[in-house]
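The following pair of complexes shares a single chain, chain A, combined with chain B in the former and chain C in the latter.
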Partner chain A sequence: MTSNLMTSHEAYTNEHGKLSPFHERQAERNVRGAWAEWNGYKFAEYYYDAQYEYFCVRNQCGTYDISPMQKYMIEGEQALAMLNRMVTRDLAKCKVGRAMYTVWCTEEGRLIDDGAVFRLADDKYMLTCGAPMIAWLRRAKLGFTNVTVTDVTDDIAALSIQGPTSYSVLRTLNLTGDDALETLKLFDVREFTFNGKPITVSRTGFTGDLGYELWVDPAHAIELWDAIYAQQDNYGVHPYGEAATDMLRIEAGFIMPFVDFNEAHKTIHFRHDHSPLELNLDWLVNFKKPMFNGKKALLEEAKTGPEYRLVKLDIEGNKPAEEAWLYADKNCTKEIGYVTSAMWSPVAKANIALAMVKPDALKGDIYAEIYYTQELRQKMKVAKCELKDKPFWAPERARAVPPFQY
Partner chain B sequence: MFDSIIIGGGHNGLVCATYLAKAGQKVVLLEAGDQVGGLAKKREFAQGFNAPVANYVQHFSDQVVKDLGLSKYGYANQGADSPLIAVGSDGQSISVLGDDLEGASDSDQAAYKTLRRSLKKYAKALNSSWNTAIPKVGDNSLREIGVFAKMGLNIRLMGKEDMQEFLRVFSLPMRDLMDENFESPLLKAALSWDGLQGARLAPRSPNSAVLALLLKMSSSTEGGVSLGSSQLISALTQAAIDAGVTIKTNTRVEQVLVSADESTVVATGVKLTDGEHINARRVVSGVDPKSTFMKLVPADYQEIEFIGRIDRFRSKGLVGKLNIALKSTPKFSADVADNGRLILADKMDDIEFAFDDTKYDLPSEHPVLEVTIPSSVDSNVAPAGKALLQANVMYLPQHIEGGWSEQAKLAYVQKLIAVLEKYAPGIGELVEAAELLTPDDLEKEYGVTGGHWHHGEFAADQILMMRPTYGAAQYNSPIENLHLCSAGCHPGGGLMGAAGRNAAKEILR
Partner chain C sequence: MKQYDAIIIGAGHNGLTNAAYLAKAGLDVLVLEKNDYIGGAAVTRELEQGFKYSNCSYVCSMMRQAIHRDLDLARHGLVLVPYLGTVNFGDQLNDVLVDYPNESAGYNEWRRRNPHDADSRHRFETDLARYAQLIRKTLLRTPPDPTSFKPRDIHELLWLGKTFFSIGEKQLYEYIRFFTMSATEFLEEYFDDPLIKAAMASPGIIGTALGVDSPGSAYILLHHVMGDVDGNIGAWGLARGGMGAISNALMSAAKSHGAEVRTNSGVAQVLVENGKAAGVVLENGDELRSKIVVSNLDAKRTFTKIVDRKDIPERIFKQASNFKIRGSSGKVNIALSGLPKFIGVPDNRYINRGGQGFCGSLKTMEKAYDCWKRGTWSDDPFIESVIPSVWDPTVAPPGQHWMSNFIQYCPHELADGPWTPEKRDAFADSVINKIERYSPGFKDLIIHAEVRTPFEIENEVGLTEGNIFQGELTIDQLLFNRPFPGYSQYRMPVKNMYMCGSSTHPGGGVSSACGANAAREILMDLKKANTVPEDDFYDE
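On to the complex of A and B.
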C-alpha cells in the first residue's frame, strides 16, 4: 500500500505565514526571531524588546505593520446605505476625506467587531478591521444591488507610524497633495504623492498618541520603509510589534478582541459576547439613525441597562491586576466584575486596568483580588480601585493641528 | 386613507382583502397584472383558449367558502369529480376517485382502502393546524401553548396506533409508503404524484412528501380535484367587490414605503411603478416572501440576519406548464375519462430519473406529465368543437445551461408532444398552438420567485413557525404594520386560501 503521508517539507507548504510587503526589512530587525501570526501573515510579536519598543513610541516614534489588517473596499451608489445598515454610527456624517471608528453588531445587538471606515470618495469606502469579515460583509450586502465589496487586504501595504516625532519623520518624505500634511486633523484621510507614487495618509492609530497610517501599493512598500528609516538617526524610528501595541492601546483605553471582548460570531456560550453598551461604547451607538443591525435589541437593552460596563481603573500598588476578580468589599465576598486588561503604565505612573463591572456596583467601592508570583511563591493581595473617566494617556499632541515638530 | 393595502391579487390576496373588508376595513388591492387571480388568473395563450396556470382546484378551504359565502357566487367545494388516472405507456390504466380504485388488483384495492382511511384520519388531525397562525416558539403565551396543545391533542386523539403510524410515515419518502402498500408500479407512480408535485422531491426523497399529500387532502374533498379554477377566482373576485374591496389592476407596487424614527420602523404605504404613493395603516403582501423582502421593502430597514434567512428561503420551482390548443379532443389509447387527471409515468423510477437530471440543472430528458383536458368540463375554455390540453411538466429547472431560449423551449415542446404522442397517437396532428411556461417564465410573468408552486419549498425546515422564516412566520414581519398573506406563509401553496384567511385573522386579532 502506498502511503499518502506527505514528507515533512511538503506538509506545511501552505501553512507558512504570508509575508507582508514590509517583511524583508522587518525581518532584518527582528533580532529575537519573535514571530507570531495575524490573519495568516507572519507578524512580529516584538523586534527587540516590548518595553523598549513601547518607550520608543511614547518618546520618539515607531512603525507598526498593519498590512495584515483586513481591508475591504465598499463601492457603489448604495455603499453608504449598506454600511449604514451594518454599523452603529451614522456614516452619513462621515465626509469624504474623513474616517470613523465604529462597531457592528448581530441582530441581537452583540458586537461582531470594531474597525475604522474611511470615506475615500462619495461612493467609495474602505473598511478595516482586525479579523476577516468578508462573510459578514457579503450578508450585509443582501438586498442591495448597487454595491460591491472587495477584499483588498493583499493589495494594500499599510504601515502605522506613531509617536511624537512621527510627523517630523513624515515631513521629510516631501509628500505633495492638495492639502498640506500638517493640516490633517485626527481622523482625516488624504491622498498624496510620494516620489511620484500615490500614497494615502490618515491621521489615525491605535496608540492614543500623535500618529499616522500610510497606505500604499505593495510594490512601493520597501521604498517607503527606507525613506522613513533614513530618518532613524534624526528622529529615532523603531519598529514595534504586537506586545508593545497592547501596552500602548491599554493606556489609550482602546479595546482588543478576545481580550476585552469576545467577537459575537466566535462566541458559543450565551452572553459571553458583548453589547456595545456593555463596552461603554454608547457614543458609537446612534439611536437616532432609522435602522442599524441590532438596534431593536440595543434599544431594549438601553431601557433595562446593560449587564456590565467596561470601565477604566486606577489600582493601588504596582502589581498588574491581570485576570483579577473585582469585589464590592475588602473581604472579597461580593463579586462585581472582572479585569480584562491590566498593566503598570510607565507614562501615567499608575497601575491601570480595563474591567467589566456590574453597573450598580459602580457607585460603591471596588477591590481587586490580585494574584501574582514572587520568586515562585504564589501571592495574593486585595487592592482598592479608583474609577477613571479619561484615558490614561491622551496628550495634547495627539490632536494638535498643526502637529508639534521636533 | 386606507386601513389596508393588499399587494398582489392572487387568490390569497383576494381572500385576505375580503376578510378585512368584511370586518369593516377600507381595503385596496393592487395587482400588477391585467386581472386578479395570480397563478390561477385567466390566460388566453391562443385565441379563444383560456388556460390558467393553476387550472384545477383540489384543497380550497371549506372555512373560506363558508365565511365569504362563495356559494352565492357560484362556487362550492363539491363536484371534485376528476379521477386521478394512472396511464401506462402500454395502454393500461388505473383510475382513482375518492376511496375507489378501478382497474387495479384486488390486493391493491384493499390496500388503498386501508391506506386511504389512515391518510384521511391524519389529514383531519392536521386540519386545525393549517387553519391557524402557528405562534412563535418560546413566547410561552397561552396562545402558543393552546395552538401546540391542540396540534398535539389532535394527533393524540387519533388513538395510539394511528398516532404511532402517523409519526412513522409523515416524513417517509413516497417510494417507501407506496412500496409498503401496493404492488402495481403504475399505481404507485400515480399515487405518489400529489406528494411530489410542486416540491423539490422525487419518490426517493425523504422530508415532506407525505405532509404535502396531507395538505392537499385538507378540504372536505379529501384530495379530490375539480378541473377549472376560473369559477373559484371569479367567485372570490365578486365576493371581494361586494365586501367593498377596491381592486386596481395594472397597478404594480415598486416599493413598500417605510418610515422610521428612533424607536420603530413602520410600513406606511406603497409606491407604485408610476410614482404614485398610496398610504395606509398597514400593508399586506400577497407577493411571495422573497420578492417582498428582497425587492419591495428597502434593504436599509431590514436586519442582516433576517434578510439572510429570507435569501436562503428555498424557492426554486421545478414544475413547468404546457398548454396546447387542439383542433379536437384527443383520443388516448388507454380507456380514460375525459375529465381525468392523467399521470403519465409507468413507475416511480420514471419520476425519479426525471428528477435526477434537474440536480445538474438539466431539464428532464424523459419528463413526466400530469395531463388534463379542461375543455371536457367547461365549454368556455376553448372555442366550440376544439379542445384545451394542460399539463404540469416535471421537472424543469428555472435556469438551464444556455438559458431557456425560444429555441430551447420550442425543442422541449416538441419533446413533450412526442411524449403525448405515445399515449394519444395522432395528437401531434391536432396541435394548433402550444406554449411552455418554464419556472423562469412564471417568475417573470407572475412575479413569483423561482416560479415556485408554494412560493418556497414546502419542506420540514420551511413549514409551520419556520415559514417563511422566524421573524415573519405569524403573517407579520420585523417591520411594523407590514404583513404577509401569500402561499409563502403557513400553511403553503395550492389554491387553498388558508394563508390569506389566517393572515386576516392575525391582523384582526
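On to the complex of A and C.
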C-alpha cells in the first residue's frame, strides 16, 4: 500500500459533513441521531422531538446552532457604498451597533436571498445569509475600490438562544461591556467580554420571541455552550433543530428559502422566483436610494402591481393546509393561489399558513383545498381562510427593554 | 334598580366561559364570586413567596380547543404546554415503569417487563381511542332528552344512536360492557404485569369515590384519557402560569365582550318571583336583579343551599340532597428547594422530571379505597404527582420547584370525628412519608406545604364534600342523567334559571364545555344568535 492512497475514512470525508464548533456537545444531546445538513455542515433535524423543542423555545429557552449560516466581513471605506448598491434597504440608516434585515435582488428585481447586515464599526459590516453568497458578493464588489469581502463562516461559531428565559440565562454569563446586556433593543449588536474572551451579542433571531445570537471564536465555542448549559436546570435550556425552527418561524411570519421563495439564481422556470413585493417585503425596498440592484424592475413592478402577494392565513379546522391550492369559491373552481408553509400553531391555537395569493383576489373569500390522510384513506376538505395582518406570535416580551427576568 | 340580562353565580372556569359567550351575544352579564379571587378550582395561588401553586386542578387535557381558539384565549395570555415522561412506582422500591414520551423507547420499556403487554398495549390504546372518540363527540353538545318528542331531541337521539352504531356490532357490545366494568376487569383483558395494570388503572379512580375493583371505574379511566393537547390524544398539558391562567384568560375574554366580574360577593339566595328567577340576594344582603340566573355551583349546593326549598319541586330537593358527590381526594402542594430524585429512575432528563404515579399495585389502591370507606386515610396512599416548575419558569424561583400531589383517597368526614389541624397534618405525613420512601432526602427539600382535604376544598372552593367533579361520573349521573333525569339540558326547575357547572354534562374536568353548552341553551331560549362554536376534532 502506498502512502498517497486515501484511508477508507478519508474517502468519505465529504459525505460525513463538516462538524460545527458546537458539534461535540450537540452530538451528546442528539439522542435520536436525527441529523440533517446545512451548507456542508452536519446539522440537527431535532435532538429529541420537534414539538418538545418548539415548546422549550416558547416556554423556556432553546439554543440553535447557526454556525453553518454563511457569514461575510465587508470592510473598507467603500463597504457601505458597495452594500447599499447591492441590497434593497438603505444601510446608511444602520448605525454602528445595529443590525438590519434585508434582501438583495437580481437586475430583474428577483430575490437572490435574504439575510442580516450587522454594522460592527464605521467601515465594517457582517453579512449573514442562509446560502453561500461569495460569488455574488464578488460581482457586487466590481467597481468599488477599498473594500474587502472575507468569508468568515468557519471562523465564527454562532449560537442562537431564543425564548422567554434566554435573557435570564445570558445574565448568568456575567458578560462585561460598555453597555449592559439588559439595554439591548431588538437588532442591537454589542461587544462584550466572556471569561476574558471577546463575544459579540446581537438581539436577533428567527423565532419572533425574546432572543439573542452569540458570535464567538470557535476555540471558545464549547466553553460558551457549557456556561449556558450549566443553567439548564434553572431555566430549562434545550437545543433545538431545524424542525422546531420551521414551526417557530412560521408563527413569527418569517419566510424560508425553497419553502416560501425560490432563490433567483437557483430557479430554472421563468418567474418561479420572487420579487420582494410579491413576498410582501415592500418595507425593505427603499426607492429613495439613488441606485441599487433591481431598482428599475421593482419600480416598474410597483406601478403595475405584483403577480402574487405573500399573506398570512388563519384557516378553519385543524388540518394543516400543507401544499394546498387556494380558491375564491367553496366549489374550488377559481384558483387564486397556493400555500407555501402551513402548520397547526400550538401557542396561537390556530391553523396557520403563509400563502401566495393573486392581489385582486385578496378582497374576496379564500378557500383552501386541504388533503390529508386518516388511517391510509385520502381525505379532502375545503376550509375557509381568514387574512391576518399581524404575525401569529408576537409577544410583548420579544421587544421589552429591559427584558423580563426570571 | 339596574337589571342585568344574566347573573352567573360563581367565577369558576365554566361560569366565566358561560359569561364570555353570553356577553359575546350582547347580553349584559354579571359574574359573582364569593372568594376574593376568581377561578374556582382552576386557580394559581402564591401561598409561599415565589411559588405559585395550582392548588386544586393541576393539569389540563379536556379544555375544548374550539373554545380556546374561538375566545382567542391565546391573546388573553393562555399557553398550554404538554408535559411528558411520567414515572410509575410499584410497591417494591426500584420497581419503576416509565411512560416514555418517545413511542419506541416506551415499547422497549414495556417489552423489558413483559413482551405480551408491550404488544397488547397497541390493542388497548386502539380500543380506548375508539371509545374516547365517541364520548368526545358529545362533549360540546346538549344531551337529548330520551323521553321528549321534540324534533331536536329526536334528532339528537338519532345522531347519538348513529354515532354509537358506527363502531360496529361487536364493538358496541364491548362498549356497553365497558360502561359498567371496573378498571381492574377491563385491564385484565389486556395486561399481565402488575405494575402496568396499576399504572393504567390509576386514571380510573382519580376524583371518584370508587375503587379500581368497583363497577364504573373503567369509564372514569376513559374520562381521563379522552382529552388531547394539540391533537395528541390522551396527552396532558400544563397551563403556563398555573391553572389560574385558564380562568384569567377566560375572565379577560369575558370582560373584552363587556361582562362584569365581582369578587367578595357570595350569593345567599336566588330570588324567585312568581316561579321565575329574578335575581340574587348577596350574603351582605344586597339585592341584584336580572332576567336570568345561572348557577356555576354544584347541583347539591345550588338546590339545597341557595334556592329556597319552596321554590322547587320536592323531587328536585330530594334528588339534589341525594346527588352523588362524595369527596374522595386530597391535595398536598409542596414547595421544594431542589428537584427530588427517585430511586430506580434513570438519570434521563426526559423522564425523571415530569410526573410521578405512586400507584404500587391494584391491591394497594384498593386497600386505600377500603380505608376511605372506613372514614380514614391509607398510610400507603395512591398519589399522582407533577412538578410543573420543571416545565414552567413562571411558577417557582430558578432551581427551585413546586410539586403537586393529588391523593386518592381522602375522606370528607372521618370516622373518629371532624377534621382537625392535627389530623390534616397526619394525613399530609402519610403522603410525604410515602414520597420520602421513593425519594430519600425528599423531606429535606420541603420549604412549604399546603394540605387540602375534602374539608378545605369544600370550604374554600365551594365544592360540596370536596368532590372535584361537582358530582361523580357514574352512569346514573352521566349524559341525560346529569345532574338529574329530565334536567340535563341546563334549564332548571325554576324558570329563567340555568346551571353551567361540572354538575352538568359532560361533567368534571377543566373543559369549558359545560359553561359553553349552557350558554348555547340560554341563547336559544332568549332567541339570540348562537355564539358558541362547534367542537373541532382531530380524528375526523
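We adopt the following convention: the second predicted complex is superposed on the first by the 395 of 406 C-alpha atoms of A that agree within 3 Å, B and C clash if a C-alpha of one lies under 4 Å from a C-alpha of the other, contacts with A are read in each partner's own complex, and residues count from 1 in each chain.
The rule we apply is simple: contacts are C-beta pairs under 8 Å (C-beta built on N, C-alpha and C of every residue); 3 or more make two chains touch, one makes a residue touch a chain.
Predicted, not measured: the structure shown is a model, and the values here were computed from it.
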Next on the checklist: Given the alignment on chain A, is it a clash or a fit between chain B and chain C?
Outcome noted: fit
Checklist entry - When the two structures are overlaid on chain A, which partner does A:406 contact: first (chain B), second (chain C), both, or neither? => result second
Next on the checklist: Just checking: does A:143 make contact with chain B only, chain C only, both, or neither of them? Give me first, second, both or neither.
Outcome noted: first
Checklist entry - Given the touch rule stated above, what does A:290 touch, chain B (first), chain C (second), both, or neither? => result first
Checklist entry - Which partner does A:344 contact after superposing on A: first (chain B), second (chain C), both, neither? => result second
Checklist entry - After lining up the shared chain so the two structures overlap, which partner does A:52 touch, if you call chain B first and chain C second: first, second, both or neither? => result second
Next on the checklist: In the overlaid three-chain picture, which partner chain does A:107 touch, first (chain B) or second (chain C), both, or neither?
Outcome noted: first
Item to check | Touching partner for A:203 - first (chain B), second (chain C), both, neither | outcome: neither
Item to check | Partner chain in contact with A:60 - chain B first, chain C second, else both or neither | outcome: second
Checklist entry - Looking at the overlay, does A:84 come into contact with chain B only (first), chain C only (second), both, or neither? => result first
Checklist entry - How far apart, in Å, are the nearest Cα atoms of chain B and chain C after the overlay? => result 41
Item to check | Touching residues (chain side chain A, partner chain B) in the complex | outcome: 78, 81-82, 84-86, 106-107, 136, 139-140, 142-144, 287-288, 290-291, 293-294, 296, 299
Checklist entry - Which of the residues in chain A come into contact with chain C in the complex? => result 32, 48-49, 51-52, 55, 58-60, 164-165, 168, 231, 233-236, 317-318, 344, 346-350, 374, 406
Checklist outcome for this item: In the complex, the residues of chain B that touch chain A are 260-263, 265, 293-294, 298-308, 311, 478
Next on the checklist: Under the definition above, what is the set of chain C residues touching chain A in their complex?
Outcome noted: 65, 68-69, 73-74, 79-82, 84, 101-102, 229-231, 240, 339, 350, 390-394, 398-399, 536-540
